[in-house]
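Structures are listed in the sections that come next.
In what comes next, chain A is part of two complexes: it sits with chain B in the first one and with chain C in the second one.
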Partner chain A sequence: MAALTEKTSGKITVRRVKLQGNVERYSWLFMRLSGVAMLVLAVGHMVIQHVLNSSANLTIQFVAVQWSTWGWKTFDILLLWMAIPHGTRGLYTVLADHIHNPGAIKLIRSLLLLFILATVIWATIAIAMFDSAMVP
Partner chain B sequence: MSSFILTIREGIRYRGGSGQYSWLAHRLSGLAILFFLVIHVWDTANAFFWPQAYVWSLALFKHPFFGLGEVGVMAAVLYHAFNGARIALFDFKPEWWRHQRISVIITWVLFFIIFIPIAIFMLSGIIGHCQALAQVGDSCFRIPAFSEFAQYAR
Partner chain C sequence: MQAKLRIRRFNPEDGNKPWWGEYTLDNIHRTDTVLDLLHRVKWEQDGTLALRRSCGHGVCGSDAMCINGANALACKTLVNRLGGKDDVVEIQIEPLPGLRVEKDLIVDMDPFFDHYKSVMPYFVNDEPVPADGRERLQSPEDRARFDDTTKCILCAACTSSCPSFWADDRYVGPSAIVQAHRFIFDSRDDAFEERLAIMAEEFGVWRCRTIFNCTNACPRDIKITAAIAEVKRAITSGKV
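Entry: the complex of A and B
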């Protein structure tokens, strides 16, 4: 875990501990912060899109009205950036509980990271570039 | 896979009490949301990249099968949100840990109070949609054909 160097001068031992990366700690913090943000973003999205509006009468024209304003585009992009990494990191936590082969879990880690990047970039392009005038 | 089934089986059999069920429900709801979310995000991106596929999927998702799935996702999101808030709160407030048991009960009660009326509302929406289609001689169980949305081809 840590590279250790000790220097003894007189009675005091100075010990420098060099931590090897903080990915796990920042991941833990990200899960909490994105989770709190999604209490508003995700629950709000569910209530607005799936209760107040409904899938039964959702049309691409309705999407075009919403995505004609940068407010809604920003809301959806923010939710995307929170939800995909949060969910994929959650899947990684579950998988890491069951897969004990270090090589396999390292491979899964890289694949999931690639998946996050591909999904977030692809969907951000879609939302940002969506032009309401294109919809018939 | 066998290890996953083992977790489900032992997760129910293991006498960890209310906290154990919270842990299991949080995992299952999280995985369910992720499964839905991935399909939802790639599908919605088609509104820009492949409008015909998007409009076809909108029609397909009006099927009652997906309607019931939507109610399930609503349940998963609400539970995961409330229980996640509880977890985050306890992570930052160790002095509250002695209230674990009551916090689990509060989470479930809050979940059911909010979810049940929403579920009734959503289910009545599905029934209303099916009735409206039946009145014009159509069926909500009909699977839409991709060619019906050729006007959106690009």
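Entry: the complex of A and C
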């Protein structure tokens, strides 16, 4: 009976497991976390640009005022880092469901990865180096 | 009451494409099952109709098929659940989608069972038996963690209702994940790490897009999507 009492203590046995990381697992996690982050970033961006301000006023001068502070630059860079990989990974997921040729899907994966890296790096540099004083 | 059945027929030996067979049955009861109606078609009208069934009471899982567009067990689907106006009920019956049709309502279950076998669906514990030589005990709370997933009868209604599986049958599928869940969350089983590694592979749990077709299709009301989510969480958190 001693063993029975011990095992009916009402506790759930929690065991640890250490798995090797893989791209699928980290991508899945990234999609969830970036999705939550974009609830704030993307919705916030929409509200600021199109609700609090009129879309008609979205000029280079408006952007210059926003990007004159590092706060807004950081906000937009974060949105960029979340949105481009999230959307591209989503596209890859759809394609991977239907393209079964290993060579073709590998090529598509490489091209999309290149697209993510190029866009994110290029746009990050563009936002970070943006000099509001240069705008007339 | 009358039933008008439209059954997807296919015979690989006659060289014809699949076709729809139409059958009318009189004097049926609202409490008849779809399996009862299929029996009457086979016994009274066309003996060539091929279908699988065994226990006829929702336990063996042999007679899963697509009834009026949704996967279900023919023996658990009553006529009165399928509607019907003016004392006539129209029922369309097809083989399970996503699996190769062998004949009429019989599909090739090999891909399904290959995935089932791939998740090590058996108890693994190499520890010596307890001192009293009897059972390995666990708390009711530990037992409750995998209670839902013990109910699976391997009918394939879930896996063959899954669009991810239709798109790519290398995906292990909801049923195999349910079977893996049953052992992963059993505190007495020691192979949880190996099973989680299988689940974490490219064609493991990540192919689940939480569409919930599997949960709707399950004749045992297993919360399949929730079970898959628990496996995903175990992999990402490293806690079982």
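One rule holds in what follows: the second predicted complex is superposed on the first by the 115 of 136 C-alpha atoms of A that agree within 3 Å, B and C clash if a C-alpha of one lies under 4 Å from a C-alpha of the other, contacts with A are read in each partner's own complex, and residues count from 1 in each chain.
Here is the rule we use: a residue touches a chain if its C-beta (ideal position, glycine included) is under 8 Å from a C-beta of that chain, and two chains touch if they have at least 3 such contacts.
Computed from a predicted structure; not experimentally measured.
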**Request:** Please indicate which partner A:122 is in contact with in the superposed arrangement: first for chain B, second for chain C, both, or neither.
**Result:** first
**Message:** Touch test for A:98: chain B only (first), chain C only (second), both, or neither?
**Reply:** both
**Asked** Looking at the overlay, what does A:77 touch: chain B (first), chain C (second), both, or neither?
**Response** neither
**Item:** Superposed model, chain A: greater residue contact from chain B or chain C
**Value:** B
**Request:** Once the structures are superposed on A, label A:56 by its partner contacts, choosing first (chain B), second (chain C), both or neither.
**Result:** first
**Message:** After the superposition on A, what does A:113 contact: first (chain B), second (chain C), both or neither?
**Reply:** neither
**Request:** Could you look at A:18 and tell me whether it touches chain B, chain C, both or neither (first, second, both, neither)?
**Result:** second
**Request:** Identify the partner contact of A:37: answer first if only chain B is touched, second if only chain C is, both if each is, neither if none is.
**Result:** neither
**Interface residues of chain A shared between complexes with chain B and chain C** = 97-98
**Message:** If we count contacts the way the header does, which residues on chain A are in touch with chain C in the complex?
**Reply:** 3-4, 7-20, 22, 24-25, 27-29, 96-98, 100
**Message:** Under the stated contact criterion, what part of chain C meets chain A in this complex?
**Reply:** 130, 132, 137-142, 145, 164, 167-168, 170, 187, 192-193, 196-197, 200-202, 204, 206-207, 232, 234-236, 238-240
**Request:** Using the touch rule from the top, collect the residues of chain A that touch chain B in their complex.
**Result:** 32, 35-36, 38-39, 42-43, 46, 50-51, 54-60, 63, 67, 80, 83-84, 87-88, 90-91, 94, 97-98, 119, 122-123, 125-127, 129-130, 134-136
**Asked** Considering the complex alone, what residue numbers of chain B touch chain A?
**Response** 3-4, 7, 27, 30-31, 33-34, 37-38, 41-42, 44-49, 51, 54-55, 58, 61-62, 66-67, 70, 73-74, 77-78, 81, 84-85, 88, 91-92, 118, 121-122, 125-126, 128-129, 151-152
